[in-house]
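Two complexes are shown next, each including subunit A; its partner changes from subunit B in the first to subunit C in the second.
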Partner chain A sequence: MTRIILRKLFRAALTLFLVVTFVFFVLRITGDPVSAMMPDDTDPAIMEQLREQWGLNRPLGVQYAEYWKNLATGDFGNAYRDGRPALDIVLERVPATLKLTLTGFLFILLIGFPMGIAAAVNRGSAVDRLIMTLSVTGFSLPNFFLGILLILVFSVNLRWLPAFGSGHWYNLIMPVITLGTAGGAVIARYVRSSMLEVLNAPYIRAARACGMSERAIIWTVALPNAAIPSITVIGFMVGALISGSIVTETVFAWPGIGRLLIDSVSSRELAVVQTIVMMTAASMVIANLTVDILYLIIDPRQRYGTGSGE
Partner chain B sequence: MSHSDAIAEFAPHSWWKRLFVTLAQSPGLVRVAIAWLAMILFIALTARLIMPYDYQATSLLSRLLPPGSTAMNGDFHLLGTDHLGRDLLSRLFASIQLTMLVAVFGTFFGAIVGSSIGFVAARFKGWVDDVIMVLVDFQASMPFVIIALSVIAVTGTGNLLLFVLLVGFQGWERYARISRGLTLAAVNHGYAASVRLLGAGTMRVYLRHILPNILAALIVQVSINFPETVILETSMSFLGVGIQPPNTSLGNLLSYGRDYLLNAWWIAGLPGLTIFFTTLSMSIVGDWLRDVLDPTTATRPR
Partner chain C sequence: MTLETQNGHCEEHLPLEIDRMSITLGHGAGLRVVDDFSLSVRKGEIVGLVGESGSGKSVTCLAAMGLLSEEWQIDGHIQVANTHIDRTTDRKDLLSLRGRGAAMVFQDANASLNPIQKVGKQLTDTVARLRGVSRSQARQTALDLLRQVEMPDPEERFHSYPFQLSGGQNQRVMIALALAGKPELLFADEPTTALDVTVQSQILNLIRKLRDETGMGVVFVTHDLGVVSELCDTVAVMYKGKLLERGSVEQIMTNPQNDYTKKLLAAMPALPHDDPGPSTPPQSKIADEALLRLRNVACDYKTRKGTFRAVEDVSLALRTGDSLAVIGESGSGKSTISKLMLGIEPPSEGSALFEGEPVPLLGTREYKPFARKVQLVPQNPYLSLDPRATLGDQIEEPFVIHGIGSPAERFVRRNELLEAVQLTPAHGERYPHEVSGGQCQRAVIARALALEPKLLICDEATASLDVSVQARIIELLQDLQEKFHLSLVFVTHDLRLIHGLCNRVAVMCKGELVELNRTDAMFANPRHPYTRELLAAIPDVLSQSAAE
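Now for the complex of A and B:
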């Protein structure tokens, strides 16, 4: 088991290494980040001075080593607009995004699991068909359109909820629905199919033969077994939440990282963009690693490489 | 029966025939979805011919007219006008055209590049395979939109070709994984070895013999990827980092309409509904295609 964990750790480190390398080279696609960042009519002398200052005149290998050194010391560069460290600018947006994505995650689980279970238990019935229709609708509905629909109905017509702001708990309602609906729809499908698989397993028949009630079978035997594979989807969900928060934060003017990313891409604040990309990668890697290790602990079959680990 | 066996069973000719037969037996919902997609495709192909007005022509006297109104100059606007008095129906047609163009080219570009990468991994094995698989894992663990945004941040917006290629790259790792896995399995089948013994070159073996046999699985992946490409393009255009004016995509339309929700819901509502019905139809048709082409993977892979 230690060996499997070590291999996963190596993979995680490799992913982070690739992200840093990717960002380093992307910043140099156009040959020169200075001309990419500065307006076209900038004084050439100033551009040259910036190149000097950022060490862009040195050989690529030296720059790459320098890049790593800076990252290791927590130096992600400064924002061009106000000269503040990019890391600080990003960090002050983290709480708002965490509030949104964690609530969104909870929302996904709260709608995904019950719907998936209800659909599997009533397989083929009207309930199943309704839930599956909702699920297809849910993940076909682009989140930016869902957000606008919610604003149109609840802010413009009914005037129940404010279209933006982030101070109160009720400011979270529409963003969370916007962020979580597609994920909930995917989870519902996933839970349904893994429940159906489990419900066909011989041990369920055995439990029935022992005279267990249908309700007890579903809650105490089927559900725990069906929930195990669903853990693997959580890693995937983290990615979906991060990309979903970009749109959601923009629609609802939520002061988080997603909106910062879009603003920074539009105004070409490369230092901020690279900081966000690396933080995203780090959180994805940590999430995946946690899920993998959790999976190893919960499901003993994985420890001997007989499961579908890799 | 293994996955690849099930797919290998469908010889290229038999499943096209099968497709037409099953189309005739398809459920009503699938037919509605296919009809909608056919309409979208028709609009995309003929947009410039069937649009009632120039989609860029502004008219300050007929701003924000509701659907079905006649402007002061006598122009009839079936879907109303936007904040600059441009005919929304014409803009919708132009947007559908560009959105579909990006989606079709992007999807096929990604499918071809991704599958080729998978072929290369399966053909050369060894360190080539290792490197490709590390890249595949890396891509699978990063949200694609973040990668796309970081490239756009450097290159700037407004390069349509770059944007199409970038959007198309989404999902390449899944094609690579599928084509690699199935090719590795196919190479072990007798037919690949036989044609090679008959003197066929590598390209011929892969393109004429192995590709048709794994095509069904790749088409299933295209059906999953296509709506995702539409959503990626429209989201990025909506966020202002995709298609740039004077070009217009459904995402742009929606984004302009956001500022007029209070007094002109149709500017955002109609393009939004168009995107929604299109992705919904694709999902419905895709689900159905999946069941028809590949009975072993009836559930959506993660």
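Now for the complex of A and C:
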């Protein structure tokens, strides 16, 4: 088992390296921070001097090597504008984003699993059709649109909830719904289909023949088995949450990483962008690692290395 | 004889009473799967419920367990262990019936246990629920049950997951689960069909022993009359949802009244007993030189835990006109032997020679000419045919691949081939799902014969077919062997199939060739103890009825 985990860790490190490298070059090829920052009529000599100062006029390869050298000492670079360490700038935004994404994650699971189970158990009934219709609507709605809709209804018209701000728990309600609806809808469909598959398995019939009640079968036999394929999708959800949080934070003026990223890309704060990208890539990698390890815990067949259920 | 024991108000009820039951799929004028069926089971009686697939055996059991979903409509009277079952039966009564009144074991034990829970926990939970005892008591009982079903190392197996156990061991766990609630009646739905013969005979003995110990009634569903004659007290024969015949085992085996039962009995492959002479294939046409030769071959498979030797030091030769049976249980290496002969696996040691040349590996350039001489008939015809092409097109395909003949000539050849396997040109226009399993397998054989190969390798070619169909395919192979001067390798786990078809037999055990013999000699005087064990484990109609 340790060997499996070590191999996965190595792959994780490789992924991080590739992402950071890709972003480093793409950012530098597509635009220059100095011209993005200074007014158009700035004296070219001053611009050149700034480039010189930030080391932007050196060959890309040299800059790249320098970047890794600094990273090795824990130096993520400084923001051009105010000279503060990029890491500090990013870290102070992390709690807000964590609050949003973790609540969103919980929301996804809390609507996805119960709805999927309810639909599968009542297959073909009105409940099933209603849930599936809601699900299609849920993941067809673009989240920025859903966010704006929520603001229009609950903030502008009904005046029940604030359109922005992050100080209170109720500030979270609309952003979390915006962020989690699509994910919850997808999870509901996955849970439904894997529950349906499991409910047709011979061991469910055998459990019934042993006099197990339908409720016990669903919760103690079917659900743990159906959860195994659903976990993969939950891993993907983390990625969707991160990208979704960028949009959501923008719509609700949420002071998190997502908004910082948008701002930093447009102002070419290379160090900040790279730090954010690296952190999101790392959290993706960690999420997938967690999923893999969860697999090993839930599914004994994986643990003993026999692959199939034969 | 269904109701005579129920005269007046006897205090003792029967474990199972079914009277004039009909089962329909779908409401109104749906598909009638069981029609006017009656059956009763006394305490301690083992009733064999026999019929081909689709005859309604399993549905009958599921109906009696109240396990059919609402799209099935059940009419008539069913009483199981004092519980009357119909659409109005309370859900609670059904729940308390299942496990306590009647229990059921299924064909595929590996798939019938929760794959992610240790068998000990599954047993403990079931015992605790059905007997209403404490966890620690339930645990003790669970262990006792594992001992009762003669599980090897029960304490250790208690902590195993189903995937860590063999099919036979899982079936023991299933039976232990069924016993957890001390049922009056056990439905066993083909519980040994997926198992090897030696394991099958252990499970049959176990069921008999448990019947003696607990006095429960047993309904044993099977298509194998050999199993019935070995295990059951009475037999009920089902055909297309109807009860054709009911009687004691001796009655049915020695003096069947119904034509279908007679046919079923005649189709049963049986071991030769007194007269092995006439049905053994003629030896005269067999040439001296070897067509195919395995010389000290070994074959390794790579697994995560290192290499696994599937076949060890096997040498055998097949002469032109020979037909060789390769016999063995699952895991014996018999399929690996066929893969070595076909060049699907390369030998890790030794060599496989065809007409003196090494067998080329599948996918190499030398394979194409080799494929014209050696062909395979695999187990499941539906899996070896393209579901989206007609049988005829698939029979023509070898001609296309090898660029033989014009389209018109191919069409003529295809119809000849269809006739050779006793199909009609009309079958050539059909798709695999439009014909039966037996007809499909005939088409596969026709396709294999298209290139007029010298050697036909049949890997469990009849294992997924019903008994009567199986018998006709064997006849066909015998016939074709004569007509096409074929040499044959027939890989099977069923010793009963080979006599009359194969003149020589190779018995595989755990990757080794333990006996290579003439077929009649092997049956008359098996040399190796394992062969004797195999022969003894086979449920056999003739020996049983002769003994009685």
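Here is the rule we go by: the second predicted complex is superposed on the first by the 266 of 310 C-alpha atoms of A that agree within 3 Å, B and C clash if a C-alpha of one lies under 4 Å from a C-alpha of the other, contacts with A are read in each partner's own complex, and residues count from 1 in each chain.
Methods note: contacts are C-beta pairs under 8 Å (C-beta built on N, C-alpha and C of every residue); 3 or more make two chains touch, one makes a residue touch a chain.
Source: prediction; values computed, not measured.
Asks: Using the superposition on subunit A, decide if subunit B and subunit C clash or fit.
Replies: In the arrangement built by aligning on subunit A, the partners subunit C and subunit B fit side by side.
Asks: Look at A:Phe25 in the shared chain and tell me whether it touches subunit B only, subunit C only, both, or neither; answer first, second, both or neither.
Replies: neither
Asks: So in the superposed three-chain picture, is A:Ala201 touching just subunit B, just subunit C, both, or none of them (first/second/both/neither)?
Replies: second
Asks: According to the stated criteria, A:Phe145 is in contact with first (subunit B), second (subunit C), both, or neither; which is it?
Replies: first
Asks: Using the superposition described at the top, determine whether subunit B or subunit C touches more residues of subunit A.
Replies: In the superposed model, B touches more residues of subunit A.
Asks: Applying the document's definition of touch, where does A:Phe10 land relative to subunit B and subunit C: first, second, both, or neither?
Replies: In the superposed model, A:Phe10 contacts neither subunit B nor subunit C.
Asks: Quick one: classify A:Thr250 as touching subunit B (first), subunit C (second), both or neither.
Replies: Touch status of A:Thr250: first partner only.
Asks: With both complexes superposed on chain A, which partner does A:Trp219 reach: first (subunit B), second (subunit C), both or neither?
Replies: In the superposed model, A:Trp219 contacts neither subunit B nor subunit C.
Asks: Using the superposition on chain A described above, determine whether A:Ile242 touches subunit B (first), subunit C (second), both, or neither.
Replies: After superposition on chain A, A:Ile242 lies in contact with subunit B alone.
Asks: Counting only touches as set out at the top, which of subunit B and subunit C does A:Ser264 meet: first, second, both, neither?
Replies: A:Ser264 contacts subunit B only, not subunit C.
Asks: Rounding to a multiple of 10°, what is the angle at subunit A's Cα centre between the Cα centres of subunit B and subunit C in the superposition?
Replies: One gets 80 degrees for this angle.
Asks: Quick check: superposed on A, how many Å separate the nearest Cα atoms of subunit B and subunit C?
Replies: It comes out at 5 Å between the closest C-alpha atoms.
Asks: Spell out the part of subunit B that touches subunit A in their complex, as residue ranges.
Replies: It is residues 134-135, 137-138, 141-147, 149-157, 227, 231, 234-235, 238-241, 251, 254, 257-258, 261-262, 265, 268-269, 272, 275-276, 279-280, 282-284, 287, 299-300, 302 of subunit B that touch subunit A.
Asks: Using the touch rule from the top, collect the residues of subunit A that touch subunit C in their complex.
Replies: Counting only subunit A, the residues touching subunit C are 201-203, 205-213, 221, 224-225, 228, 298-301, 304-306, 309-310.
Asks: Spell out the part of subunit C that touches subunit A in their complex, as residue ranges.
Replies: Those in contact with subunit A are residues 65, 67, 95-100, 103-104, 106, 108, 110-117, 126, 129-130, 161, 163-164, 174, 177-178, 180-181, 304-305.
Asks: Mind pulling up the subunit A residues that touch subunit B in the complex?
Replies: Interface residues on the subunit A side: 11, 14-15, 18-19, 22-23, 26-27, 29-30, 33, 36, 136-137, 139-145, 148-149, 151-152, 156, 186, 189-190, 193, 232-233, 235-236, 239-240, 242-243, 246-247, 250-251, 261-262, 264-266, 268-270, 273-274, 276-277, 280-281, 284-285, 288.
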